[in-house]
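Input: a single structure, listed below in structure tokens.
The chains carry the letters A, B and C, assigned in the order they are written, with residues numbered from 1 in each.
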Amino acid sequence: MKKLALTTTALAAGALLGVANAGDAQATDLTVVSWGGAYTESQVRAYHEPYMELNPDINIINDDSSANALAGLRAQSQAGNVTWDLVDMLPSDAQLACDEGLIMPIDHDEVLAEAPDGTPASEDFLPGSLGECFIPQIVYSTVMTFNNEMFPDDNQPNTIEDFFNVDDFPGRRAIQNRPAANLEWALYADGVAIDDIYDELETEEGVERAFAKLDTIKEHLVFWSEGAQAPQLLADKEVAFATGYNGRMFNAAEVEGQPFSIIWDGQIVEWDGWVVPEGGNNVDVVMEYLHWATDTQRLADQAKFISYGPARASSADLVGEHADLGIDMGPHMPTHPDNYQSPILLNNDFWTDYGDELRERFNNWMLQ
Amino acid sequence: MALPSYASPLERTWYYSYRVICGLIFFFLVAPILVMIPLSFNAQPYFSYTTEMLTLQPEGYSLRWYEEFFNSSAWVTSIRNSVIIAFASTFLATCLGTLAALGLSRSHMPFRGLIMGLLISPMIVPLIISAAGMFFFYSQIGLAQTFPGVILAHTALGTPFVVITVTATLTGFDHTLTRASASLGAPPQTTFFKVILPLITPGVISGALFAFITSFDEVVIVLFVAGVEQRTIPREMWSGIREQISPTILAVATILVLISIALLTVLELLRRRNERMRGLSPS
Amino acid sequence: MAQAQAHSGPMVTADGVPLKTSLRRAERRRKITAFMLVVPLLAFILLTFIAPIGDMLWRSVDNPAIINTLPNTVTALEDWDGEELPPEEAFAAMVEDLRVGQENRSIGQVGIRLNYEMSGARSLFSRTARNADSLEPPYKEALLDAHRRWGDVETWRLIKREGRPYTASYYLSAVDMRYADDGSVAMQPENQRIYVALFMRTLALSLAITVLTLLLGFPIAYLLATLPLRYSNLLMIMVLLPFWTSLLVRTTAWIVLLQQQGVINDLLVAVGLIGDDGRLTMMHNWIGTIVAMTHILLPFMVLPLYSVMKTIPPSYQRAARSLGANPFVAFVRVYLPQTVSGIGAGAILVFIISIGYYITPALVGGQSGQLISNLIADHMQRTLNWGLAAALGSILLGGVLILYWLYNRIVGIDNMKLG
């Protein structure tokens, strides 16, 4: 009887699956996981749409799950049912996934296109950006942003220190619910020189010092988890300051016309890029796509839609104006000399080694 | 409850202030839902009433968010997914649940308490726990991120409602009718389709409605078990609320409110019909 | 009867079978038919629902990573007393395991698992494993050179302790406890105790929501039960409409109302009660959770109260009054006691639902409005500590089942009414 019930269930399920898939033709579906919002939009316009036009038999589906990419990869690998074909993730998470065997090691010069002048990919990508399993697309930065309307014209904040100064700059502040970037800023605002931040964070006193600094503004904090939430909170005036990705803040300020200003002081610079899950069904198709989507022209194209810097040296000269607004993208890039006065380079080795400990501590701190 | 003519002034004051308090509570129940509806016709991409809206000028209102909703492929796909999943799981839940209720309502059912407990457990266990368990288990057997996985999960959530409503209908069921049918020579299946089913139909339908709304409104299981290809309307709303609240969400919400009003009406009509039929039966 | 049987022998049916046997057989047949009708759903629920719950319970104690990936080390540590650093064989076994683990990329699992117990374990394992091939005997010195933590007795004790196939450490973490260095159970350091406080907060907020729904639900349930049917049916719709409206719609509605630029703040500013710069913060904190959840759960209080009050004859109160009780006394001494079962049913129902709530606190609760469910989801999706998520979930499940048992005692499953 149980067997009968099982068979019936299986039959019903099979029939339903048939119904669900009946609409799709022969096309190969590629599920591409990314961060959603303005960032996915820029990838769709720079990569996905042109590629689907060139290859009508390929259909790219967007999944905005990058914030939980590592969990998703683990679950799919454990299930032996890998449904993601390509994932956009951070290099530190990519290193963990690579160590666990969840994503494929990449032979960079074999998979990736060379620069127009013949420079092999491994030399064309910016130094230190390629990982064992990781292909960078962009250099982005996490920046402090504020809503101009929340402060009088003669008293607008412009440093990280101002962010920690609730007396002169009142209002709630939104920060990401993870320690990376926040601890660095706490120490920077507390007077630690940029070059000493990670040395300081390696000591127990340094970590105490960072949390003590964060404690001074804790009652004013709101935490965000997904990139799109930060500009939203700021636009709704739920908060006066928000930390966020510079491209999304650019998008909100320039494309949507929100009254936002970016504080480039202490911007936290990091890579972001692609990884290929191990055991996917369309690995060959994905590799072809990757070869095309990470070539010099394509990386430069993405910068037409969002203010992130391309990860290839050869793309830099091709970056021009915003596709819709026609404004020069140069001054909005994190790497523009005016913005690059006091950058903090996110140290991925540090976060691979100390990340777990600090994440746990940060989680506890948030809940207390 | 009417105020007697001999009521003292104190009683009078209390009587009216009690009415006012109740009015305020009803207002608290309904106002939040109603406040949102006009905002979905806002011509501006804001969540607040503009001066044009308050002065009832036509240019303050527009259907743009409804257009955006029906023109967005993500939302349209989510409607398709919600409908597929809700109908499939309602169908399965109604069949399985009605059969089980028929068994449970017989006086000869062994281990009735235990079985009833197991069968309605999906209704009692907090959703986050069900979702966590299903995420682990369905991942291992390859059901995670598939339509069958989500449908089976929603079926499990919907069956308790069918079991409960149909069992409730059957408690008022006059068993002499089946005996009469059998004694007149009807085989069991004829008795079922010609005698039992018409009488328990209101219970079955209201159970099915509950199962439908459970699936249609469910988001926690979908968050954990479904993949991007199984995104439902509530799942799209969830990411919409978390990421960027545009009045499109309010347009969706308004449409969903209309759907719930329709369901509520059907349920109310069924209840009345059921009461009428009960009134006619000899018990 | 007994005498009659003694005279004529046992009663038999037409085909000669004793009546008792025949009846018993018919009885059994009916039992089987009844059971057969239930079997499909029972099998279905066991497979699609109970099995996943079982899987979760299993995961809260399951501990395969170390014993599977470091089998040689676990064997080598079997006879070690845990007093000083283990002998050379244990170090050699570890190097062997690290090499194999690096080869098939399973060493990451060990690092992740041990990191839950000891911060820094992940980098200890991944770093050493990356260079495991170049290590040469004697391995004790080689490993001590590779990373100083191999020289901590604590590291080895941890491996020995967690080298068992089952562990209680997830449950210990879930109640803010841990294994101390010597293997005894101790409290977590003060600044790492969060879960007990969070369980308490969940209980406190749920209790507040239950009390609020009772305070708001009682008057309108009473009104509905005492008004003539044609009015009460109309008012009932105002209770049922929110009940049937999508949860996400209602949560969205509260965002529209509560946010800084929302309807309530706009209204207060327009009326002049607050200034434009003094807008109230009602969202992204516990106030948002309480207000929205009270609204969402109010129908679950009103409906059981109403169904109990409907059965109380109004004549009792009138009798009390005619015997000289004032209206207040009549209400408190005569009416209220009769509603206790409804209050119990509604309160437990609301309480059960709220302690397991996830969606609304996640969307409007901010940090101070998070409940235990939100942390379970967080461990599922973000920190990926699935064992701890399972342990927290199991504790929550246990609590809910106890409450449900209470509910069943008071109301009974069969009397559960819907809509």
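Methods note: a contact is a pair of C-beta atoms (placed from the backbone, for glycine too) under 8 Å apart; a residue touches a chain by one contact, two chains touch by 3 or more.
Note that the coordinates shown come from a computational prediction; the quantities given were computed from them, not determined experimentally.
Visitor: Counting only C-beta pairs in contact, which pair of chains has the most of them?
Guide: B-C
Visitor: Comparing chain centres built from Cα atoms against the global Cα centre, which chain wins on proximity?
Guide: Chain closest to the assembly's C-alpha mean: C.
Visitor: What's the distance between the Cα centroids of chain B and chain C, rounded to whole Å?
Guide: Chain centres of chain B and chain C, defined by C-alpha means, are spaced 23 Å apart.
Visitor: When the centre of a chain is set as the mean of its C-alpha atoms, what distance in Å lies between chain A and chain C?
Guide: So the centre of chain A lies 32 Å away from the centre of chain C.
Visitor: Measure off the straight-line distance from the CA centroid of chain A to the CA centroid of chain B, and report it in whole Å.
Guide: Those two chain centres are 38 Å apart.
Visitor: Using the touch definition from the top, which residues of chain C touch two or more other chains?
Guide: Where chain C meets two or more other chains at a single residue, that happens at 36, 40, 44, 259, 261, 380.
Visitor: Which residues of chain A are in contact with two or more other chains?
Guide: 9, 225, 236
Visitor: Would you give the residues of chain B that are in contact with at least 2 other chains, written as numbers and ranges?
Guide: Within chain B, residues 47, 135, 138, 140, 152, 242, 245 contact more than one other chain.
Visitor: Touching chain B in the complex: which residues of chain A?
Guide: On the chain A side, the touching residues are 9, 12-14, 16-17, 19-20, 31, 36-37, 61-65, 75-76, 78-81, 83, 225-226, 228-229, 232, 236.
Visitor: What does chain A use to touch chain C in their complex?
Guide: 1-2, 4-6, 8-9, 68, 70-71, 74, 96, 99-101, 172, 221-223, 225, 236-238, 352-354, 356-357, 359-361, 363-368
Visitor: For the complex, give me every residue of chain B touching chain A.
Guide: Result: residues 47, 84, 88, 92, 135, 138-142, 144-148, 151-152, 227-229, 239, 242-245 of chain B touch chain A.
Visitor: Inside the complex, what are the residues of chain C that reach chain B?
Guide: Touch list, chain C to chain B: 27, 30-31, 33-38, 40-42, 44-46, 48-56, 59, 216, 219-220, 223, 226-228, 235, 237-242, 244-257, 259, 261-263, 266, 295, 298-299, 327, 352, 355-359, 363, 373, 376-377, 380, 386, 389-390, 393, 396-397, 400-401, 404, 413-414, 416-419.
Visitor: Which chain B residues qualify as touching chain C in the complex?
Guide: Listed in rising order, the residues are 1, 11, 14, 18-19, 21-22, 25-26, 28-30, 32-33, 35-36, 39, 46-49, 96-97, 99-100, 102-104, 106, 108-110, 115-122, 124-130, 132-138, 140, 152-153, 155-156, 159, 161, 163-165, 167-168, 171, 206, 210, 213, 216-217, 219-220, 223-224, 234, 237-238, 241-242, 245, 249-250, 253, 256-257, 260-261, 263-264, 267-268, 271.
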